[in-house]
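Below: a set of structures, written as structure tokens.
In the two assemblies presented below, subunit A is common to both, partnered first by subunit B and then by subunit C.
Up next is the complex of A and B:
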């Protein structure tokens, strides 16, 4: 219980610092975003009108007051207004979220399946050279730029093989290539960790005992090796979720899909600070929560840790 | 098997050497102009005259890739330097001073780790503006956390060793022990990480270039080249496939070299 409180406090501190840092940095922008947008002579706004607009965005009060105001807003789920569109940021994010959740969720599941398949094939495949090739595949995949992978997939599957239509695709078809683009680079580090831990577990004494008792290779692999080898992969879940968010920015841009990633890309292009700030904080929140969950779930998955904690 | 590994490593060094030569003396590899093209020769497939084909305004793509090397490599160099200097400084401070300073710095590092790399880079870019150097700095800030963690743990490890205790025991001050014993012995791991970050930085910079936040057109930055080729995927595959393959091969080589550095220590 004390552990839980300690970890939660730590997570909250990280979030608080992240929020303060993004606030200070992004508010310190040379000439704030509101001025950039409304000061251009073409709009013909008088200085008084600009002052009014600044007041409506809450940009005319001292920084500390702005800070407290923004904190209060974030805690209540109010992220301020987009400078570019004038709509509340939470509405923009809310309407973009379902698309990205579908993409990221499917991408994550596909990545896990790909990684597990790759890791097990690279220990089970019949020929030495094939195992070696499968082993080096993740190293190759992490060297591939995500945006390029997406374009090449479009080229191969849409234009060469004509398996997935470019125009007039139904929602399911339209998801196939983006999900693959997102999943393949993320599956690579996961496959590497899995393959390494399968190797380790296979050398463990208890596996030798199970084998000596006459268990076949399939039983050993699924019942004894797999269950233990999957554990370390859980620890990088937080990192993978972060990569999903970064991958979504690129994937949605390449495939022209609406979503959080596209929103991020446009926020940067338009210097829309409130939108970017909200997305960055939400991403940090997701990362912290996932890591906290992993820390709490891990002892449940691996009873050895619980015993160690009690002994210590 | 070990012969294979050595050949692979040799190839990796060869690739990196060639790309560095592209960056320093591009005119030795191609006699054509990377910025202005021959409109009559537009969108030609790869041939002996144009190894990588030509783009929509008749520029030789191989020439553009060769001239683009300097943007990617110098960008990666700046990024790794930013991460290395700032990260090692933070890590060494945290590891050697300990206590409150250590806790404060490591919470800051936690924050950097909590924000996905690309979002962190985009936050820096929205702050600094677009451009090659700004994109490089943005990527570098993303690697500060990794450098800080590695250098801190190395410093903590070295500080516990007997010879450091002996140095303190014989009357040396903290800063002289740091400079003489702790830093030199902590740097090996940091160098290995720098090599690994180099490949990662090339990837990240090409991503920012692709999104349009890096080098402005008509600069032949690799990510931007692929972005420009996107409109011709249906007809001219070479415009995206070939520059992308160059990126893959270079990053793969950089990673291969960093692996060998990690193994030797």
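Up next is the complex of A and C:
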């Protein structure tokens, strides 16, 4: 319990730092969203009118005061208004989040399944050359850019094979290719770590003991090696969640899906500071929660860590 | 009589990208039912490879090139893994070397023991559980129901080895291969484990192939001995025949080097040259090290009794002599060594080196003190920087203290390398290219670089094979004679201690239970624990006693 409290406090500090850093960086950018939106000559607004608009957004006060104001708002759950759309940020995010959660969640699960399948197959496959080929696959996939992968998948599966419709697809069909696009680059490093870690555990003396009992390779891998090999992979999985966020931006743009990624892309283009600020905090929150979950999973996987976790 | 296990002209090679490397040549020997055969040799002699081949568990790349491995007359040599799986565990059991890394850390003991029944489909779930508890009890673990639920890290090394023995004998195999089953264990635990194997063997008539580097263990436990060197059998025969009249030079050397077998004179303190003059002796402080009342307590966190690692420990080391601290793991001997070398501050007590108090030293004075006391660690594989050359490693202390210039340091390093009897051309090599014994020589040369008064040797020869160990001990003796060095020798191995030390302190649970001149402690031990330790040292059974009846 004390451990959990300690970790939560740490998480809050991380969030606070992420918030401050984002704020400072966004402030440091030349120009701002209000100028981008209202300064265009076609609107014919006078400098006085623009100044009024600025004041209505609270953009005319010194940065420190703005900072305190924003912090106070965030703490109370008020993320402010989007400059671009004029709607509350929480509404924007609220409507974009479910799509992205479905995409990212499915993407992550698919990535894990792919990685485990690849790692296991590359250990158990019957021929040396096949194992070698499966071993080198992640190295290839890790170097594939997300946007290119998306385009290739659309080309192959939609236009050539006509397996997944591009237009008029139902929600499930519409998810297939984006999920794959998101999952493949994440599964690659995961599979690499897992395969290497399996190799390492295979050499441990206890594996020799298990084999000396007459256990076959599948049983050895499944019962004895897998759980030991999972630890480093779980650590990497926590880090890779960060990739999901970046991946969602590209994937949603390539596939023209609505979601947090798309929202981010537009907010960046328009320097929509309140939206960006909220998205960064959301991303940081996801990251922190996932890594906390990873830390809590360790002792479940490895009983040796139980006592330490309790004592810490 | 038909042999249970028969190896015939066995050749084993490793196929690596660099080519085929033959590691076992023309090995033939047999194990009769119920017999204990010891396969003896140094590391790299091919003894472990040979025993792995019997199980068909050669490391990847390893292959039986020719010859036969017959189990009750059936040749297993050409069998694939799937066929061998029916033999492994069921007809041949395996006890590994290191109990700490030989159990799956993330599964409970009971589940791991149950595996062997499940794999070979013996009994349903309930029957298996009953058998597991029986086995745990049979190998001497208290409260089997609790043990079955525990994880390996909750058990001591000796207990884990018992679990592994239970694992090996679970299905009543005809043959058990024990690969250095006690090398990683303390001497009293070793004795109990070997006794257990002996007992189970007699109960079930199981044959044992005992792989060991320790001829004393072989002499004590085996009926026949097979001596291997460089992948070949040097000599084999009944234990008596081989030990009484070794035909080969190599066997004779092994016998002479085994600390538990050879009869060594006790060492008596001989005053170094400069102290033999009575007047000088009277004026000089005769002690290189005086430790008195050392105490060190470690807190174990809230709600737990603090652990007293070292409890009121006092001892003295005469100049130019070796004082040994002997004890089992957890006795506090290493903490004592760390206090003496000022890596750990004691809670109470004082350490005097060459007459000056050193426990209170801090900062620059403490750093200066490091010149006077040097350490040699147990593991020669981990204590040398893999990126430096031998010459750089040996000269590093000089560099750290800014002694001399580059050229004079290089000259000093060359002298030291020669001093520890390493060939000069090794100076430019890196540790990875050296053998264990050579590495330990490098570590000793490094310790001598600053001409210390006292060298603390923490299990300095424990990781080495007996022959290498014997050479290092000779070197240490010779350096002591020539340079008037004082040693504090930390060890769990009584046979080694008997050979090297002038005086000895026996530690247990953080306290010294007995100390005195080595001869007195070994010939007439006063304390019960000392007697127990001495009795546990593997020795050749007296010829009159019939132990294998």
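In the analysis below, the second predicted complex is superposed on the first by the 291 of 312 C-alpha atoms of A that agree within 3 Å, B and C clash if a C-alpha of one lies under 4 Å from a C-alpha of the other, contacts with A are read in each partner's own complex, and residues count from 1 in each chain.
Keep in mind that, in the parts below, contacts are C-beta pairs under 8 Å (C-beta built on N, C-alpha and C of every residue); 3 or more make two chains touch, one makes a residue touch a chain.
Note that this is a predicted model, so its numbers are computed, not measured.
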{"item": "Which partner reaches more residues of subunit A (counting touched residues only), subunit B or subunit C", "value": "B"}
{"item": "Subunit B versus subunit C as contact partner of A:90, first or second or both or neither", "value": "neither"}
{"item": "Subunit B versus subunit C as contact partner of A:279, first or second or both or neither", "value": "first"}
{"item": "First, second, both or neither for A:131, with subunit B first and subunit C second", "value": "neither"}
{"item": "Subunit B versus subunit C as contact partner of A:7, first or second or both or neither", "value": "neither"}
{"item": "Which of subunit B and subunit C A:69 touches, first, second, both or neither", "value": "neither"}
{"item": "First (subunit B), second (subunit C), both or neither touched by A:140", "value": "first"}
{"item": "Contact set on subunit A toward subunit B in their complex", "value": "10, 13-15, 17-18, 21-22, 25-26, 28-29, 139-140, 142-148, 151-152, 154-155, 159, 242-243, 245-246, 249-250, 253-254, 264-265, 267-269, 271, 273, 276, 279-280, 283-284, 287-288"}
{"item": "Touching residues on subunit B, where the partner in the complex is subunit A", "value": "107-108, 110-111, 113-120, 122-123, 125-127, 199, 203, 206-207, 210-213, 223, 226-227, 230, 233-234, 237, 240-241, 244, 247-248, 251-252, 255"}
{"item": "Contact set on subunit C toward subunit A in their complex", "value": "55, 57, 81-82, 85-90, 92-94, 96-98, 101-107, 115-116, 119-120, 151, 153, 164, 167-168, 301"}
{"item": "In the complex, subunit A residues that touch subunit C", "value": "204-206, 208-217, 219, 223-224, 227-228, 301-304, 311"}
